[in-house]
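Structure, as structure tokens:
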Amino acid sequence: MTKGRVEAFSDGVIAILITIMVLELHSPDGAEWAALVPVLPVFLAYVLSFVILGIYWNNHHHMLHATKQVDGAVLWANLHLLFWLSLIPFGTGWVGNSHFAPLPLALYGTVLLFCAIAYTILQTVIIAHHGMTAEVAEALHHDLKGKASLVLYAAAIPLGFVWRWLAVAIYVTVALVWLVPDRRIEKTLRRSA
Amino acid sequence: MTKGRVEAFSDGVIAILITIMVLELHSPDGAEWAALVPVLPVFLAYVLSFVILGIYWNNHHHMLHATKQVDGAVLWANLHLLFWLSLIPFGTGWVGNSHFAPLPLALYGTVLLFCAIAYTILQTVIIAHHGMTAEVAEALHHDLKGKASLVLYAAAIPLGFVWRWLAVAIYVTVALVWLVPDRRIEKTLRRSA
Amino acid sequence: MTKGRVEAFSDGVIAILITIMVLELHSPDGAEWAALVPVLPVFLAYVLSFVILGIYWNNHHHMLHATKQVDGAVLWANLHLLFWLSLIPFGTGWVGNSHFAPLPLALYGTVLLFCAIAYTILQTVIIAHHGMTAEVAEALHHDLKGKASLVLYAAAIPLGFVWRWLAVAIYVTVALVWLVPDRRIEKTLRRSA
Amino acid sequence: MTKGRVEAFSDGVIAILITIMVLELHSPDGAEWAALVPVLPVFLAYVLSFVILGIYWNNHHHMLHATKQVDGAVLWANLHLLFWLSLIPFGTGWVGNSHFAPLPLALYGTVLLFCAIAYTILQTVIIAHHGMTAEVAEALHHDLKGKASLVLYAAAIPLGFVWRWLAVAIYVTVALVWLVPDRRIEKTLRRSA
């Protein structure tokens, strides 16, 4: 029951975040091709953030599916994650409107870094509270992908000031790596089923 | 359980999309009839998009009702559909604000075309993963209405540059054809019940 | 199951509608009392619409609670109701921003009238499809409050052009009458329990 | 069933409120550090309101978890709470945009005071309707934290006109006190489990 409401609330927040980003895609002034040009960078930033939020929703979904119970600590670790996710639309809008300028990209990367940290904290709290089956906890033990993401985001923030497209390339790469859903959990769940 | 959360998340996103389109209906400047005039095309575009999103919600509802299980591929095919649906408010706003100009209509049609393609992919993925009862899969086998929609949308995009009301007429026609809920599934479900 | 998803989708749409009206309460320019003055009529219109949407949610809740099954006709009657409800934020914003001018009040009343008609249609469709227990259907048979609302809204629309506060008084009165939840259903349900 | 829909609707509204506050974080004009400066106070106000809404969601969650049944009075007491919560984004935006000016802070405090009053009313209504287990009702009997919050908010409103950071300090303090979830209920529930 309790778990169901955490899922429902998280679904609600992520669904709204993923959707209000569309509000940054302002209706162009004019009806010719040229009017679409300023919307293009906003659109590209939107696509990236949509995929990233989709990944978080997918992995959150898998993680909570494998969670047996939640308590106050999990509720707050989850709200902490939602807080950082809620800043993605702001970062996305600034990156798009500034046409991928270095400082907005650095802020965007910082938000993504804190999202990744918050997700790691949530995962750690759930495992620490024995909220997960031992198999899943073990499967997540090394969490190479999670650690690599943290390192890559932390590297992209300064690198973007040197060459901004490098930062963009890193953000896209991390997203592509995660596009594959958390097969570790899926596999373990199937094995233990 | 897993299916429930996919439904809840999709419901959330579609509910938000259908609702934030209203934000394009800006409060008129002034309190006379004349002030309402610029809102009218935005309103008409809103009505069309509300019906189209309602159709997607209805059919999505029926399709997932007939689905027995979902996996990672279904989750991503579903997110892919939600991505294209999320562009409908942008297309609607541009069509309305430009008073149904040809280029915005073409972009709107392109978004609708990709929504229809994404829906077809989701349907195919669910059937391919044996996620549906054999009866429903068979009922959807020919999917004339789905294929006709793809052809009509693809035709409307260039035709709108010749005569824009032809494109509008096609979008309205496709919506009317789909207004009838997916009786194929309903009938098959009733037969197998 | 099907009913649950109709409830969830309706809850989502009404929750969003009730909330995005707040976006019309723009942050005042300045930090003195005078800056709050232009927000006041928008706020009053917001309070009225919040109560009206709350009433719809409450009665919708009771009605679907007494509904045994839903089909395609119910889905569309429900979407039709949500469409008219979705225009309440637009009407509210115009009424507030125009400081309760006659034409915006008439449009607001028209939207409320169509909401009431759409609710009546939904109720009729549910009863016609034998989706309700006989007791509830009977309890709703006369539906004096529903019919009176239709008449009052229809009267308020022209009367507002004569004296606009009369229209406001009627909208407030109808809301107050409905603030009492649908005891007819509650009572019948309790009797049959 | 009924309780589930109250939870779902409340989750929806709170999720949207917590998220649309982000829309006040407008994309900065420019891509340098200086462009971020005007966003900073809005961001700080956002963090405070996010935590406060998170606390309400958490406590609402615990309270309804301990509630056995809901009726019309509970539905309206809940909508009354949601109404005051819905004004938090407006207060937050004004506090942020005015850089924590005294009047916006007083209005913000007034909104928080009424949220706290509405929460107390909801709690009282649930207990009065025997909707809670006796243990939980007893645990909430003294409700020192709830009463202290009312007093502190009422004090902060005038104090902010003397020294505005005092009001801010009080709002932050109340939030920190509540960050600890309602262990009274958690403890009692565990004891009676």
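Letters A, B, C and D mark the chains in the order given here, with residues in each chain numbered from 1 onward.
Note that a contact is a pair of C-beta atoms (placed from the backbone, for glycine too) under 8 Å apart; a residue touches a chain by one contact, two chains touch by 3 or more.
Note that the structure is a prediction, hence the values are computed from the model and not measured.
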Please decide if copies chain A and chain D contact each other with the same set of residue positions, more than half shared, or with different positions, and reply same or different.
-> different
Superposition of chain C upon chain D: rotation angle, C-alpha, nearest 5 degrees | 90
Gap in Å, rounded to a whole number, between the CA centres of chain C and chain B = 26
Could you put a whole-Å number on the gap between the CA centroids of chain B and chain D?
-> 37
Can you list the residues of chain B that touch 2 or more other chains?
-> 8, 12, 16, 20, 23
Which of line, ring, star, complete or other matches the graph of chains that touch?
-> ring
So in the complex, which bits of chain B are touching chain C?
-> 7-8, 11-12, 14-16, 18-20, 22-23, 25, 27-28, 30-33, 36, 47, 50, 54, 57-58, 61, 65, 179-181, 183, 186
The chain D residues in contact with chain C across the complex are 1-2, 5, 8-9, 12-13, 16-17, 20, 23-24, 71-72, 75-76, 79, 82-83, 86-87, 89-90, 93-94, 96-98, 101-104, 107
